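Next, two complexes with subunit A in common: one pairs it with subunit B, the other with subunit C.
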Partner chain A sequence: MVDERFATLSDLDLDLERITASRVADRPVKMRMQSKRNRTAALVLLFAWVLGCGGGSGGSATGPAPGGPADPPPGASPNTPPDLLADAPPVSPGPAAMRRLTEAQYRASVADVLGEDVEIGGRFEPDSRRDGLLAVGTSFVSVTPAGFEQYDAIARSVAEQALAPERRAALVACPPASVAAADDACASDFVRRYGRRLLRRSLADDEIARGVAVARETATALGDFYAGLEMALATLLLSPEFLFRVENSEPDPDHAGRQRFTSTAMASRLSYLLWNTAPDEDLLAAGERGDLVDDALLAAELDRLLDSPRLEDGVRVFFSDLYGFDQIRQGLVRKDATLFPAYSQALIEDAEEQTLRVVAEHLVTEDEDYRGLFTTRRSFMSRALGVVYRVPVVSGTGFEPYEFPAGSDRAGVLTHLSLLALYSHPGRSSPTLRGKFVREVLLCQDVPPPPGNIDFSMFDDPASGTRRTARDRLQAHNDNPACAGCHGLMDPIGLGLEKMDSMGASRETENGAAIDPSGQLNGVAFEDAIGLGEAMAADELVGPCFVRSFLRFAVGREVADGEGELLDYVNQRLGESGYRMRELIRLIVMSDAFRSTSGPRLAVEGEEAS
Partner chain B sequence: MNDPLRVLRAYFGIGLLLCVGCGSSGGGGAPSSAPPPEEPGPAAPAGDSLGFVFTSFGFDYPSHDEEPCPLGWNLSPREEQVQTGVLPPDDCQNPEANQDPDFLTLEGSGRIQGFDLDGLASTNGAPVAGECRHQDFTGPAGEPGVDYQLWRAIGCIRGFQRGGIVQNVQDDAVINGEMTILLELSDIDDPRNDDEVRVQIFASTDSPPLGSDGKVLPYGSLDVHEEARFHSETAVGRLVDGVLQAGPIDLLLRLNIQIVDAELPLHDAWVRVELLPDGSARGQIHGYWPVEAAYEVFGYQAGYAAADALAYTCTGLYAALKSHADGGFDPASGACSSLSTIYQFTALPAFVVK
Partner chain C sequence: MSRTIDRRTFLRGVAGGAAISVGLPLLDCFLNDSGTALAQGGPLPVRFGTWFWGCGMNPQRWIPTTVGPDYDLPPELASLADVKQYVNVLSGMNTILDGRPNYPHQTGIMTNITGTVPGADGEVSGTSLDVLISRAIGGGTRFRSIEMAATGRPTQTYSFESAGVANPSAVSPLDLYSRIFGAGFADPNDRDFMPDPRLVLRQSALSAIRDDAARLERRLGSHDRQRLDQYFTSLRQLEQQLELSLSGPPPLDACVRPPEPKGEDLGTDLPQTAKTHQMMTELLVFALLCDQTRVFNMLFSWSLSELRNPGADISHHQLTHDEGVDEELGYQPNATFFALASMEAWAGFVTRLASEPEGAGTLLDNCLVMAHSDSSFAKSHDVNLIPFMTAGSAGGRIRSGIHVAAPGDPTTRVGLTMQQVMGLPVSEFGTRSMLTSQPISEILT
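On to the complex of A and B.
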């Protein structure tokens, strides 16, 4: 498997070389788009074929450095004991697959490697949500012909900006012998350095030579050394090893018959999980030294990442994924402008930011128990949000800390505008959607899909008749056995949030009738949204669901059968100490579920990459 | 903006407004005489505060039993050209260079809610000592003494009428950030009846939050103007049946409307605020507008273009403003330098950030 995989990627690189070489000839004249499309289509077929073959572990172009692991980096936190999981049950890890960089990861990687001021325009291939997470979907997506054209345009633009005259001195360490001619030595240095950062591994000599050849050919054709570097850089940005996280594995010397991720692959796994970006120089170096397959050195590097402010980036991405906030960024959360004139895209984006700030402060800054997210009154407020929450905001721009006062009807993330608006209909709230979100996302329970022959007439005209509140209308489901089974799981939860309308604004009545916000969660009755939050914080499913979701996010796949005992173990540990984010990350990252793999995921017949 | 020393002085008491909604809002006709001036009380008000942002602001309109402008409207320069064949010169920057003997002003009687700013029921007869000759309007129920000389000067100009250009421009200005005005009522112990409530008016450079329907959204947070001169003095007044009357104060508003970038000062002004059951408010600001400041807006800055659009001559307008001035009496010359002016407003709840 290892050799087969490596051969595949090598073939792909050769094809890229041909493409880039032809671009050089095209550049001074109008691009032959049809021809380019054909080449792009061929490349995409190759992508699909690679993914269809299973993706995942394969041989690494670089191995651990001779001499064994190096000393822990200075300043590393000693918080993670190397034997953290010494008494953990054995794990049979799940399969691995190539994961396409999300748009956020692409942007962050480019910013970190080439500079934060490089602007990235264009439309990215849409991410795909699978099994409730985009992180899982990333291993099921490929690159379409249209998407590759976008990547191509973005790569050219990024390369042009990165090597613009005012920036090239910072990026190119060696002054070329002549700016009007090729300079193989300088180009080689450039390709080696930036290829390593972008592909998250050191390049082999033949790979560097191909990049230098591209630079030489372009520089010679155009009489411009930097144009050559631009083309070489664009080529790197189009490499499948940049666009995808190719995480190679190797036999685990401590466990016969098991594959572990290589130290270099672990650098990327750690960096994208904790920081949502490419490995920094220290992490990459640690990976290439082989440190990250050593318990002690991995623990030390993990602590360094956990101690960084950039941990917030990773945590925010996890929760954004978990909560489905991608729908907000895509402009899919809309409200009836007649009913909710205060609603706008800017407002809901502020609401998303509010929730993610609360999550980051609660879990990262304060290192508090995850379950407290459902009861915390601490929040952040912008002026746009203040209008809907009806609270004063001193800061004219941005966000400021805000604490909902005792007696407020708001506490916890379930009472945030973001989730309330996201899980509502455009014109009215939805106890069902809100309850479904809680069941499926926060409690990890399945709710069957509704039957196709539902009579929605009473919901379409809620103001008529006697069913004026959502509770009244949903009572109809309780009267229908075909509906009651599922709605009984969802509605009693969502009804607790009914004093917040479709936009999330507070209200006391609906269609003139007083709203009763009482409900129940898993047999625990509550009086209102505050009570719902308290019930969530005390519910025995909330913590374990958090753990399961994070494991799925970390490994980019569903939990494997052989990982169940690990989840039980982690839950026991966290149940004793509190569900704290850093501790959860430590337990997951140090586990074999994150560090090992059963091998490449095999394509299921009839299943297509989306 | 994040200065921790900044204090949010005014906040909106929801419970307070709920109580307002429990009762009917008071009507409150114009007092027959101005309430006795009160000195601002001690600081540190103990009660709740209410903040508002204006959603409309403009000249108030008297009602008349008879045609107030029996000779018709003033003409614009171009209309005069049509009638006389001669286009009047652009004399807006030098309004005393010519004369407009045909300029029409409002001479009849009329009724309007307002204050008796000077404490006198003035007529066109001989003025009393310290007074410039003018004719008061009456209140809605016939109360004498309501001063509104600005309207007499501009009441026969078409563009100043209800629904005209000026009203539309002013209403737009208060919601699009060109002339944001904030109102704060503080030290409120009882939102219906309170003997001592403090009132302050602020200009703001913030724009009120607008909804997708283009209307102001309530509960926005807006900064008071960074320059203290755009913060009015604090008036202490009385709240009776949900209607507050307070004064006198001097205040300075800021306007930056289209080609006009000016200040709007009012001196010896009184404020009337009616708190409505839905939490909004409406009322009036009634004070003296210096002639030169008024002409700065409509003459020096708005210029010939405004004269043409609104239909007046600058020469005629300036002369009318001066001749109708009833405030700022100068004992030495016996002349007045400002005009009693009634602005009306509507407002929504807002958080006034100081």
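On to the complex of A and C.
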């Protein structure tokens, strides 16, 4: 699947520079907002932006910036009240679809169920980004022939390791009657237990019988009991109900005409959202007991998950998805070796880890306001990162806490190597890509796609060789009113980060010319990257975009029309309490957007999967 | 069957660039008298492939001025000098938009492979040509098709099972080697072939999944049922692989297992991409000789070509837009450098297939490869005059070494021709103004 965010990246950087006024008028900036209150705000902005796109000077359309991060709410409840959403508006939720496990979820599920030391080699079929999130893509992808081969090879390798002589005793509770023959009773126990954990539900008797038959056939043919279990285990790992999260719904007895997810389905939904792995025994048991369709019991189970250190896994995955860090792990963020000799895969992986550590500490450990991520000077350093950030690092290996001093040119995640390098070209930085990331991912605003049929020959710029900084080069386009408008949505944000190059290292000049890092965000002017972070923390779209993104991540689909008022409600509450991650999770998980569905997603013509 | 003949052949390039030689004389005793079929009676397989490069070319420097056989080679086709007798150039054809937008670097390629102009940005407009062909001819081999990208990015692919399902590209020569020649590979010339008893057991286990999943299907909505159908299509492909492995491969005298590639790196700077492409081509040659697949897709650079010279801060695609047209030269020298490099890689690909003996001729004789790009003049995203070439004679089904000019015709004529040559019972291809029933008869035998 072509990864949409990155598919258009390199083109956009050029094409938007030359967008024509007439085309932009046809394709106004879309605001992804639905409630009446927000629509008004959206219209104000939209108006300003269309003006901007038409070549006008834009101007400040946003209202006064609200204050900085709020103080912790006094008396914030450490527990989830069962009636948390008692005064929430009604929700008409969206459709449900099965979700293919991401590579990370596959790995974590296998590690949890079969053992941390089971190695998973091989290349997974790529996850697919849709509407900006891999989590949404999981509701649309299937398994290609090449992908199935990979799953098969991985399943056999995992099964072989899990049942290797030194590990069998830990996994198989019953001693078989003979290691050289089938033993249906012992195999049945094995299939029942691991089938339940891997498929995240109890198996029916005939399903167990089929698993036992697979084990028996192999054990008999090869004269090896454990070879039989191995085959049965590999078969479970290839089952569509392992590879996909199939979450069933049922009529809601409390609301006629409403479909809710079954309690068992809720166990998987909770576990993959909060811990990014299969439900543990307690959660699965609660699901199968029917607890998770009860407000009070769900709240109690939610609190257990929120209190676990594993919450960090779920939060890290959310941010990794949002930020596009999968590109880093796949080795796709590359820099020119001549221009950036200090750059390496190990460095960029350290940079990813740095950002995720900052996110986890800020949101999970410290329970701080999300908006503070754009200004926090607290960070972590590894030896390799210290070289590029030019700060001393004591530890020879691993990470140590580090705080950028006041007056440093760095604060907030936008000044992290990870995002700076990811949203750049291999050879040069890109204010446009960086600005687009902020607009689309952090402010939830659509930037118009590059229009077709542009004749670039008319933009031949004889002076291009003499324009030394990115600002100079973009200025060439900004002199053309046809280009200026829409680039005005992105470049003034990204120019604030220009003192950090394609790999994120600090610089004062580009091609010998001094860099001016001033810019503007939604009408708020800033002097440099620090100012950009402050403007972000104060921007009224940042918090609501966080909420919207998390809802989409949680439900694996776009926000439904009937969920707009819920988002307003959540924003109102978080606006008062300070956009804290746990509180956001509570509000979303306890809501009908997460717990119920309009029914199975219907196929769209032209999207048939076979 | 008895195999006592010593084998010697030349394998080049795979093992970290070092030359390695392995013996392989033509085993005529296994062929019929004319050398077109195996002695057992099966004809040599005919394969279909695509070869894609991004960001097109300069029409005035690429399209031959003469038509028919022995066409001239303009500057951008100069690298075909030694292989042009195997290559057809199909020029002048357009992507007819019918008022739909031209989505940059997308509309042209999507229409080339699906026959339909996409109606939205990012839309895949249907099943791609290679998949249509693989569904018809890919059933008898271990892999219904093999997708490769020399760019290091598995998401870069132009092979689509459907609008929603893309076949990812292999990007690592080492992974590709393991997939084809690793544990599951049964050497067709191993006379001591003994099927692994586990294969039968695995087949049986797969059918157990099928039994369980039938119940699942009933619980799903239409969206998920389609996805589960695709899952089963993929499962069937694995069953088929096992079936073929069980029965033992037919003897293929030209088949040898190539050495494992070593020391690979990935990237989009030109020397790296060229090397990855060469290594993958080498593996492909042996995958085809061993009849592991009959359909393949090779992506040299994608439509937003990221090819780059080491140390340069700007890529091929960026250059096509940023660089001005040199007034004296009449083209963009730096962007054109990469168009030339792409044609050199294509010529290298053709040369490699043409140099590999198979039957009475060469491997290329039994292939049909369609080379194409997303645009002609990339600076203006021009989807008219899209460049197409074919290489090989598809087991004698087409003529080669011909330039066909079809000015103004829809590009779907190429796709239709490819399907018909590969034996698909289709009489038309494409939609709206791209619908055609006219194959390129000048190259048909």
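Methods note: the second predicted complex is superposed on the first by the 513 of 610 C-alpha atoms of A that agree within 3 Å, B and C clash if a C-alpha of one lies under 4 Å from a C-alpha of the other, contacts with A are read in each partner's own complex, and residues count from 1 in each chain.
Here, a contact is a pair of C-beta atoms (placed from the backbone, for glycine too) under 8 Å apart; a residue touches a chain by one contact, two chains touch by 3 or more.
Just so you know, these numbers come straight off a predicted model, no measurement behind them.
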{"item": "Subunit B versus subunit C as contact partner of A:383, first or second or both or neither", "value": "first"}
{"item": "First (subunit B), second (subunit C), both or neither touched by A:426", "value": "second"}
{"item": "Touched partner set for A:142, first subunit B, second subunit C, both or neither", "value": "second"}
{"item": "First, second, both or neither for A:337, with subunit B first and subunit C second", "value": "both"}
{"item": "Partner chain(s) touched by A:218 [first = subunit B, second = subunit C, both, neither]", "value": "second"}
{"item": "Contacts of A:402 with subunit B and subunit C, given as first, second, both or neither", "value": "neither"}
{"item": "Partner chain in contact with A:240 - subunit B first, subunit C second, else both or neither", "value": "second"}
{"item": "Greater subunit A contact set [subunit C / subunit B]", "value": "C"}
{"item": "First (subunit B), second (subunit C), both or neither touched by A:394", "value": "first"}
{"item": "Residues on subunit A lying within both footprints (that of subunit B and that of subunit C)", "value": "337-338"}
{"item": "Complex interface listing, subunit A residues touching subunit B", "value": "337-338, 341-344, 383-384, 386-388, 390-398, 400"}
{"item": "Complex contact set, residues of subunit A against subunit C", "value": "1-4, 6-8, 10-11, 13-15, 95-98, 123, 125-126, 128, 140-149, 152, 207, 210-211, 213-214, 217-218, 221-222, 231-232, 234-235, 238-241, 243-244, 246, 248, 330-332, 334, 336-339, 425-428, 449-457, 459-462, 464, 502, 599-604, 606-610"}
{"item": "List of subunit C residues in touch with subunit A within their complex", "value": "101-105, 107, 121-126, 143-145, 147, 152-157, 161-168, 170, 172, 175, 179, 197-198, 200-202, 204-206, 208-209, 211-213, 216, 219-231, 233-235, 237-238, 241, 266-269, 304, 306, 308, 310-315, 317-318, 320-322, 324-325, 379-381"}
{"item": "Residue ranges of subunit B in contact with subunit A within the complex", "value": "1-2, 6, 8, 11-12, 14, 206, 209, 211-213, 215, 217-221, 223, 351, 353"}
